[in-house]
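First chain A sits with chain B, and in the next complex the same chain sits with chain C.
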Partner chain A sequence: MTVQSTGEAPSLSPSQRLFAVLSDHRVLVSLVALALLPWLLPSKALAVNVLIYGVVVMGYNLLFGYTGLLSFGHAAFFGAGAYLTGIAIGRWGLPWFAAVPLAIAASTALAALIGTISTRTRGIYFSMVTLALAQLVYYVALQASSLTGGENGLRGFTVDRINLLGLPINFLDPVNKYYILMAFAALALWVQSRILNSPFGAVIEAIRENEQRARACGYDVERCKLIVFMLSGAISAVGGCMSALHLSIVPLDSLHYQTSGMIVMMVLLGGARSFFGPFIGAATFLILEDVVSLWTPHWQIVVGAIFVVFVLFLPKGIWGTLLDGLPVARAQR
Partner chain B sequence: MDLSLIIMQLFSGIALGAVLVITALGLTIVFGMLGVVNFAHGALFMIGAYAGLYLASLTGSFWWGLVLAPVLVGAFGMLIERVLVRRLYGRSIDDPLLLTFGLSYILVEGVRIVFGSDGIPFPTPSQLVGVVDLGVGFFPKYRLFVIALVAVVLLLLWLMLEKTRVGLIVRAGARDPQIMRVLGVDIGKVWLAIFGLGVGLAALGGVLAGPMRSVNPEMGTLVLAEAFVVTVIGGLGSIVGAVVAGLMVGVCISMVALFAPEMATIVMFALMAAVLLVRPQGLFGLKGRA
Partner chain C sequence: MSTALLQAEGIGRRFGGFTALEDISVSFARGELTSIIGPNGAGKSTFFNILSGTLSPSMGTLRFKGRELNGMPQHRFVHQGISRSYQITNIFPDLSVHENVRVAAQAMRVSYDIWRRRADLVELSERADAALASVGLIGKRGEQAKFLAHGQQRALEIAIALVSEPELLLLDEPTAGMGPEETKEMVALLERLAERRTVLLVEHKMKMVLGLSQRVIVLHHGRLLADGKPEEIRGNPDVRRVYLGQSEGYG
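Right after this comes the complex of A and B.
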């Protein structure tokens, strides 16, 4: 939510002013929260996963939350980012700092391709088409096993050491790993915030609210949808790159429909249309998975039921509902 | 390549397509009527296969499974409509989709709890084991039966929709539910029945597909994608479209499997992409719906 500067409204109470300042610096506030995450959660592994999926879901939120396009195929971009990072490092011998931009660029090209076809359709069609095209990517990766490792996933690339300005850092240490990966997340957060604050950010929200009217105002709706699809794919691909660097393998499942579904669940649990909601959603989903799988291997039935309850009664998600309930946040609208 | 082999593969494609037609039909009828795309359709197909298998082993006869599974699963579908989906009419079109997606999670995991995660073989009914001589080659009896049964179901559906009073209400309700209400028709009941019918068709597809592919909790995912591809190619909400596109996709898959097996899983998506580039609303879809 864009918040107007506080200067023109002198009647704000101190708490409202504080909230406005926090909203104005949402990237910084988000980063502080993420920096504390490994010390708040029970394990570093969980924190890394929240960070990675938070970035993926944030990219997805640009498309679903802000533009109102419900894609069921975002695993394609997450998976493409991960696979291409792994292939560039393991097969082509590139260093990680060359592999990651390459992977993001190629994933964006994939998003352009899928976006060109899927943004020709509207409404429910869009969800079905993105699902089908993402399955196409999945089967292509399954068949091209000489490059991708097929069913076994991609293996044989490990980044154990990252050279930061001449200072070699042990990447296998979980704390180092978390904060290095957080640099990627910081970049993604900054880009996301810039997009949302730009005139283009206003246009995509206008398309969500009323496509006909946006068109009547002279905006090229199809082109905007394609651009936002590509941006969303690119940000989700950043999460994929982070996942590849973190795991040193890319499981075939990262391209699967289940992963696309998980991204959708996370954004809804956290709160679509909110800046930090994706991280809350990723954390909620992963903590639920962790806790419930302690006493039953069938954690999916619990997560599925909770998701259904959210769709029925809390469509704004945890973060969105929380922000709605805060009187200081409401006054800003 | 041998011509008879190609003809046999064509028949296989039609049998495969027949199951796709039944499954996609359930999806498309519900959408045409209620404007809801059921993301649990694949999971309900899978439930149908398990229900058919369970009922067949309970009664000792495949035929009871074939008849009872779609009816029972269809009734379960009506329960889903009444308890869950109904609450979301009038909200964003994405909401029923998200809800049924969450439901598919629950259904798949529920089946894993009851029947385990491993695949179960679905025996072909004893009367339909073996092959028949079609003149150009031998063809499995069971597949021939599937083609015939789907043809009969399609005929019955067509008769119901076009020649009966109920069909008239259904078709009018798809056009304008408001007017139907004014005319004193309880459209809620029609929606309930249609949702049940759609789910029942998914279950029938599941039972029919059982002996042709392995039965496992994850089988619904591919089926959902296949049903989506068929309805997108045919045009969402179009019954003729579902039939034509279903057969087209089935034949395409089995023909490609003959010449380039590694491309078989990919070809239907490519077909869909090609159709979308030329006609975004699908072959038989109405403009403006897409």
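Right after this comes the complex of A and C.
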């Protein structure tokens, strides 16, 4: 066979070629966009939140957008990442660079546990099981107040200085903080991109498209679902770690099902199945929250209405619709 | 007996109180094209699903190359060398035609690698192209599968089943919903496929089955009614009564 996988390449126009180059370097392009974010948004605090929730939603997108599994319990992994980082630093006295990997590993183990149970079910049952198990995690955190601070949230672990190759950096400065946290986001983006480009990335897409056929092709669908559940939980937990370092407290609400719902809304606003969509979705949601809550304390009503409009008329979200509208992007499919 | 590729012994299947299949014992020799026919509700699909691992039998044993398959999960069947297509088109609609077949080829090699680039697995891509060429779809490789014509989707379905290089290819009504022209092309394709491997076919189109197969198995009410060469089946009075009817029933 002389035909290669890039058989259609020679007929690309210059703009299509540019787009192809950009999407080949999507991690780098995403990082440039994120590096500009603090200077585009009205406040650094908002930019940090977009960064953090962007990573959480990106991890969620691996499960929801790429594999087609609607989890309603991803707050568990966001919260676990945050709590475990805080506990490891504040209670056990570990430095941040030990606390973060520990928190990610433990959150992945939690994802393995929840995933083992939930991936045995399908459709709405899967969503309900993830919701129930995540609420279980919430109540454990509420009850184990000697470790977690219970209702008051976890406090008493401020990271104010980060030592970078012998150079002490003031972590309380918002700009420093943003760019240090961006290093975590960069790692998460890179890992996510590798997964999506990998053979396993092809398997999860096949499962989303047609689970029965994927099984007949010879894939152990249940095991693949468990693996992607763990990867998704791990990446969302990175966002949790970032949140703990940023806020120096972990509110109990991090684990609440409303946080899970917010994650689902963000991915749908931005565009499931798109690489950068999660960050667009997080930014849209958080900006809406910021702006609308200036007018009315009932900002959820407005955001909810906008969300309904999105589900009905822009099922691919902002980023997905935008990419679909670009002829150069369509040729990439 | 020992040369049989696939051997079914006393296969039965119940759904609640309903017995869909009862005591089916047949064996399939290497290199043969065998068709399974029977009126609606005869148990063809149930039998087919058992042979492909989609259903497990309530009783009886299934052996492939002498190895017992009972209790093996469906996804292992293709790794043993048994691959199937579906009656209702069952493809990956949003993926490209090429990726449909490539991902099926990949299942034989690598499932859980999250770090390598899939584009580096050039051999899989070439095998997918070869399978697409063999069913006449190479010109459509870049298109999204859902935009193919019905007959082309059926051919894609076969390419997906074929790319694992199965020793036994199970095809569930490959000409379902096809017009005469498309059917003719599909028959030609099936003849080519059967030259190099063992093929088992479930079909409704009687004339086509009798012309194409070396052996025909007739099921009726979940039981084996007849088993023999097409000429024998055509002359079998039981078969004429239940299936062909007075008008010879060539549909």
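Just so we're on the same page, the second predicted complex is superposed on the first by the 325 of 333 C-alpha atoms of A that agree within 3 Å, B and C clash if a C-alpha of one lies under 4 Å from a C-alpha of the other, contacts with A are read in each partner's own complex, and residues count from 1 in each chain.
One rule holds for everything that comes next: a residue touches a chain if its C-beta (ideal position, glycine included) is under 8 Å from a C-beta of that chain, and two chains touch if they have at least 3 such contacts.
Predicted model, so just to flag it, every value in this text is computed and none were measured.
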item: Superposed partners chain B and chain C on chain A - clash or fit; value: fit
item: Touched partner set for A:Arg194, first chain B, second chain C, both or neither; value: second
item: First (chain B), second (chain C), both or neither touched by A:His25; value: neither
item: Partner chain(s) touched by A:Leu231 [first = chain B, second = chain C, both, neither]; value: second
item: Chain B versus chain C as contact partner of A:Arg161, first or second or both or neither; value: neither
item: First, second, both or neither for A:Tyr257, with chain B first and chain C second; value: first
item: First (chain B), second (chain C), both or neither touched by A:Tyr219; value: second
item: Partner chain(s) touched by A:Glu205 [first = chain B, second = chain C, both, neither]; value: second
item: Minimum distance between Cα atoms of chain B and chain C in the superposition (Å); value: 12
item: Of all residues in chain C, those that touch chain A in their complex; value: 52, 54, 73-79, 83-84, 86, 90-96, 98-99, 102-104, 106-108, 110-119, 121-122, 125-126, 129-130, 133, 138, 141-142, 144, 160, 164
item: Complex interface listing, chain A residues touching chain B; value: 70, 72, 117-118, 120-125, 127-129, 131-133, 135-136, 139-140, 142-143, 257-258, 261, 264-265, 268, 298, 300-301, 303-305, 307-308, 311-312, 315
item: Residues of chain A touching chain C in the complex; value: 1, 3-5, 7-8, 194-195, 197-203, 205-206, 209-210, 212-221, 223-224, 227, 231, 333
item: Of chain B, residues touching chain A in the complex; value: 31, 37, 84, 87-88, 91, 93-95, 97-99, 101-106, 108-110, 112-113, 221-222, 224-225, 228-229, 231-232, 236, 262-263, 265-266, 269-270, 272-273, 276-277, 280, 289-290
